[in-house]
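Below you'll find the structures, each written out as structure tokens.
Two complexes are shown next, each including subunit A; its partner changes from subunit B in the first to subunit C in the second.
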Partner chain A sequence: MKSLSRRALRESGQGYLFMSPALFVLLLFIIGPIFYVIFLSFHKVQLLGGASYDFVAFDNFARILDDTRAQIALWNTFKYVVIVVPCQTILALILAATLNAGMKGQSVFRIIYFLPTLTSSAVLTLIFMWMYNKNGLINNMLDAIGLPTYNFLGDPDIALNAIMIMNIWSTAPFFMVIYLAALQDIPDSLYEAAELDGASTIQKFMKITVPHLRPVTSFVAIMGLIGTFQLFDQSYIFSGGSGGPDNSTLTVVLLVYQYAFKNLGTMGYAAALVLMLAIVILVATLIQRKFSKEESLY
Partner chain B sequence: MKSRKWMAGLGVASMLMAGVLSGCSSEGASTEGKDGEKTQVTLAGWGGNPTEEKLLKQTIADFEEKNPDIDVKLEVITEQYMDVIKTRLIGGEGPDVFYLDAFEAPALIETGVIEPLDEYVTDEFDVDDFEKPLLEAFISDDQTYGFPKDYSTLALFYNKKMLDEAGVEVPQTWDDFQKAAKTLTKDGKYGFGVAPELARQFWVAQSLGGDVVKDGKANFASDDVVTALKPVIDMHNEDQSAVEPKEVGATWGGEVFGQEKAAMVIEGNWAIPFLADTFPDVEYGTAELPTIDGKKSTMAYSVAYVMNAASEKKKASWKLLSYLTGKEGMETWTSKGYALPTRKSVAEKLGYDQDELRGPLVAGASYATVWSEGTNLPTITNNFNNQFLSAFLGDRPLDDALKEAQKQANSEIDSN
Partner chain C sequence: MKKKLGAVRILVYGILILYAITTLVPFLWALSSSFKTLQEIVGGTINFIPKQFTLDNYKQIFIEQELFPRWMFNSIFIAVIGTALNLLFNSMAGYALARLRFPGKKAVFITILAVLMIPAQVTMIPNYLILKELGWLNSYQGMIVPAMINATFIFMMRQFFINFPKELEEAAEMDGLSKLGTFFKIVIPLARPALAAQAIFVFMGSWNDFMRPLIVMTDIEMFTLPLGLNTFKGQYVSYWNYIMAASMVFTLPVLLIYAFFNRYFIKGISFTGGK
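Our next item is the complex of A and B:
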């Protein structure tokens, strides 16, 4: 503490002063809302017409246990995460590996593969809804090759899968780019050595590429987890905000939206749901990190 | 030197903060009543089609001409109207006058954000002129909170050519209707384009005397309601004479009907201009809905102008509101038939009861059930729609589905 002279104090004071706009914005828009959500989740809140907050302790959390729709939402989200995250990660890895293999017209393919990422998710959903239409492109194609057609938009058994396919298609290219960057870092000498030992292409991929990409895979999986747990816009547009048909596209964030904005006086419950989701994401991330056994920076 | 640096830093920081804060501050205090200054009243609503928007602007222009001291600022909220309105009301930035759907009205009125209008009403305004059921949707505890600007009832739209070809008369009763739908179903075309949702099925659900909502709670699993709704499900799953628009690649009934994939649909006034614009070649007629058990019934959907209780310009707001829902304003607004007038005198003057297409819609107004039923209707509707669809698609029996939906709806209502 001896070094904390007047001068040092003044300097750090100046530092904070210059940071104050950023700190202020952080407090106001990030830290503040987090505490406000925690506060809300323990209250029954009516915001319209003279705000009222009644302390209800853990009632909102207890309500989640009774709420069938909350359980359906959680289950749907879970199914979605479990299927989408591995699929998009593997697809991204395969796409990146093929692009890195040094074939002709590689940069053209890179652009083509990356295109879906550039479309906004709302527009993408509308385009897919149009293609999923009973008389749309996908059903016509299925019909042409003699496969059964589906009511993708109206059938509860299929609607969520339709969203999954759409999302895998649109997010995989983004992670592909991350994999591509990581692939460039694997030294060629390893592959050359493996070749001398007589390794096949698949062996090289499995024994060199995949292990070297492990930190990146871990990153991609965690980002994928967080992104998919927060699925909202696609299912919102798909179902017109209802989570239908038959609650099949109801996700946790969509349910939170319904309680926060569609019903009056359930803001506190919505806050409790959102906290629960935050905890679920946190736990899932921790588990994922444990499995990836990688000392990493994120 | 040092202190100057301090000052500069402080200056920069405070300027930035002031910038952030000023973004949140509300606009200046009330300007109502000052001489020579115009009072600005904001009016918020959702967008309609271009003709509707033109009519509204015309009505507002007329009003401004008559009240030179008031300036009306029209705000069109195109998406998520109720979310935007609620958020703005919470933030204290709500419009002075805005649209409110009868369906959402009870819950919003209960929170106290809507100004009761009784003390403003004059004899000249003539409240008795309004169609009573429509007005009642906006009355709570003997206070009137809004005046309906227009409405639409449901009527049966039938394709003349398809009915002629099949040799089917326009059905008068619910039994005839089901038979007609069966006869009309052939060659990949369906008899009935149905919307499997509570808003459209409410009149069917209540037709045998059951209540969908009882004491503010969901009651749609009661025997009367389930029995009444059963034919709709059977038409889809057994006769296969009814089809949901999505199943044939359309978004709503008007489109299925226009594409001639369904010979009959039950739609409201909004389908008439849509068909004229998009499918002008379809020859169709309208009729009152088929009677169930010998009783006539239909739905009425209505929207009112209401005033923000927190408005600082209530006098001017009332002037605007009373002009828009008054005899003169309503006549301009409904003159092109995009909306039906809620005032009897205006309806008579414009002669919509004589209109070939709109006659059956107007006739329904006297016996229609208004789509508004207490504060919990949104929760009840949401749960009904979710489960009714699975019964409609044949995934499970109707009574099971509705029982579960009712349980869920009531547990949500109890926890709220």
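Our next item is the complex of A and C:
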């Protein structure tokens, strides 16, 4: 009995030893900061000289309501999420289904499609800025086939769309891979039975493939939501950190960055903003989850 | 019936090829721009083969722009050390959660699951203040230490070890090997596929990360490649030939890794995603 408890004690010690690096980082850089950011959101933070924290209760949160730039950022982010998530999900599904159709050269296509997922957002944004250029490749091509050209980088009505196109293009292949894995799990017998009943390819896709992939679609949509709400790198590089032209590429995270690290005395406000974003993401995820659960009842 | 099948086939190939072109064009355009002269660049033509092939752009970024090699070193250093630590610490934590009994294990596991759902931006402001307090801003450890574990991969390793046959470990223990010995001599070598997938993703995550170095690194010598590239853009406003050359150099290592470890990529994504 005594030796057993000693053994248990030793195993506990080993357990903590094995966990210690993870626990250290978890406490110091993740859990601690979560409480810290809540604390900050209720304070006015001054970092000049010795840091000072003045309790301001809900002032930082109230300020969001009066801040036009915050509303623009929120609206831009919302527009971005609502357009990009469905587009990239559908594109990923179509790509996966076509890649899975048993064609020759599948692996080559798969390697090509995967390129944007491997490439850093900084490089992708720069390549696209180079192509979006006033007399860059895209405008030249549009011009060559008689379509109107755009000032993608400088026109406030176009800039965010330019980022959307780029990101749908670069993210869809990642989700495509998740769909590809899921497609392997659909039993062939279902398709064979449908073929005997004379179902067309489109019918098979809509009646068998899409319903079977519903749980995966829900997962892809949630991952997409979380990712798109956090848009930062592309906006930052695209606009040189400003969110321009005319605030058109300003996202919530870019605004948080500006208030936290570029403006003085607004760190507490930035903390309130980022907490609000986290809550929005959480709520959106829960709604999506509930939505897809109800769907699967049918 | 046969005719219809042919039509579908053509449609499917059409989609596949069209999308392949859409994917390749930006990269080929960037690659070709990196071998063009500035005159050709500003000319605004749409030829993919440079009229006058030149390596000057690459020479320029490596020789004239002496910071570029430094940024590259910073990126490699941070990514390599960070990946090594992640492999070690995530496996240790995953193993403990899968195999060892200790008080509070359940709480730790639930915390790790909860952490998976928290967007990184939430911790970015406090982490800045903590690093500042530690004097770690603008340092390698400021980049490496907060990222030396990853909740996703701790979770992944736990799943891996739970499905791992216990008998081998028990046999090793019978032979008098300590837990630590069993872990390093038996468990880790057998976990190689999971570790490979993890290594690729952690390395790429670090290599491509833009936001964390933007906040942590303030001196231009301490920049990583993504940040360096961005300042490059500011400095050489219309020298897109240099910017594209630098972008290609930046992308090459990841492409090489991908070429070598292609199969682990797909596995890794279905590990982290799929289920």
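Here is the rule we go by: the second predicted complex is superposed on the first by the 276 of 298 C-alpha atoms of A that agree within 3 Å, B and C clash if a C-alpha of one lies under 4 Å from a C-alpha of the other, contacts with A are read in each partner's own complex, and residues count from 1 in each chain.
Quick note on the criterion: contacts are C-beta pairs under 8 Å (C-beta built on N, C-alpha and C of every residue); 3 or more make two chains touch, one makes a residue touch a chain.
Keep in mind that this is a model prediction, so the values were computed, not measured.
Visitor: Report for A:Val210: first if it touches subunit B alone, second if subunit C alone, otherwise both or neither.
Guide: After superposing on A, A:Val210 lies clear of both subunit B and subunit C.
Visitor: Is A:Val274 in contact with subunit B, with subunit C, with both, or with neither (first, second, both, neither)?
Guide: The answer is second: A:Val274 touches subunit C but not subunit B.
Visitor: Once the two complexes are aligned on chain A, which partner has more residues of subunit A within touching range, subunit B or subunit C?
Guide: Between subunit B and subunit C, C touches the greater number of residues in subunit A.
Visitor: Between subunit B and subunit C, whom does A:Leu115 touch in the aligned arrangement: first, second, both, or neither?
Guide: Touch status of A:Leu115: second partner only.
Visitor: Thinking of the overlay built on chain A, is A:Ser242 touched by subunit B (first), by subunit C (second), by both, or by neither?
Guide: The first partner, subunit B, only.
Visitor: Looking at the overlay, what does A:Leu142 touch: subunit B (first), subunit C (second), both, or neither?
Guide: After superposing on A, A:Leu142 lies clear of both subunit B and subunit C.
Visitor: Given the touch rule stated above, what does A:Ile90 touch, subunit B (first), subunit C (second), both, or neither?
Guide: Neither partner.
Visitor: Let me test your reading of the model: by the given contact rule, A:Phe261 touches which partner, first (subunit B), second (subunit C), both or neither?
Guide: Both subunit B and subunit C are touched by A:Phe261.
Visitor: So, A:Ile34: does it touch subunit B (first), subunit C (second), both, or neither?
Guide: Only subunit C; A:Ile34 stays clear of subunit B.
Visitor: Just to be sure I read the superposition right, which of the two partners does A:Phe174 touch: subunit B = first, subunit C = second, or both, or neither?
Guide: Touch partner of A:Phe174: subunit C, not subunit B.
Visitor: Name the residues of subunit A shared by its contacts with subunit B and its contacts with subunit C.
Guide: Shared contact residues on subunit A: 14, 18, 21, 25, 28, 51, 133, 135-136, 261.
Visitor: Of all residues in subunit A, which touch subunit C in the complex?
Guide: Contact set of subunit A toward subunit C: 8, 11-16, 18-19, 21-23, 25-26, 28-34, 36-37, 40, 51, 94-95, 98-99, 101, 103, 105, 109, 111-116, 118-124, 126-131, 133, 135-137, 140-141, 144, 169, 173-174, 177-178, 180-182, 200-201, 216, 219, 223, 226, 229-230, 232-233, 236-237, 240, 253, 256-257, 260-261, 267, 270-271, 274-275, 277-278, 281-282, 285.
Visitor: Quick one: in the complex, what on subunit A touches subunit B?
Guide: Its residues touching subunit B are 10, 14, 17-18, 20-21, 24-25, 28, 46-51, 63, 66-69, 133-136, 151, 153-156, 242-247, 258, 261-266, 269.
Visitor: Which residues of subunit C touch subunit A in the complex?
Guide: Checking each residue of subunit C against subunit A gives 4, 8-9, 12-13, 15-16, 19-20, 22-27, 29-30, 33, 44-46, 85, 88-90, 92-93, 95-97, 100-103, 105, 108, 111-112, 115, 117-130, 145-146, 148-149, 151, 154, 179-180, 183, 204, 207-208, 210-211, 214-215, 225-227, 229-230, 233-234, 240, 243-244, 247, 250-251, 254-255, 258, 262, 265-266, 269-270, 273-274.
Visitor: Taking the touch rule as given, give the residues of subunit B at its contact with subunit A in the complex, in rising order.
Guide: Residues of subunit B touching subunit A: 2, 5-6, 9-10, 12-13, 16-17, 20, 82-83, 86-87, 89-90, 107-108, 110-113, 244, 246-249, 309, 375, 378-379, 382, 385-387, 389-390, 393, 395, 408, 411-412, 415-416.
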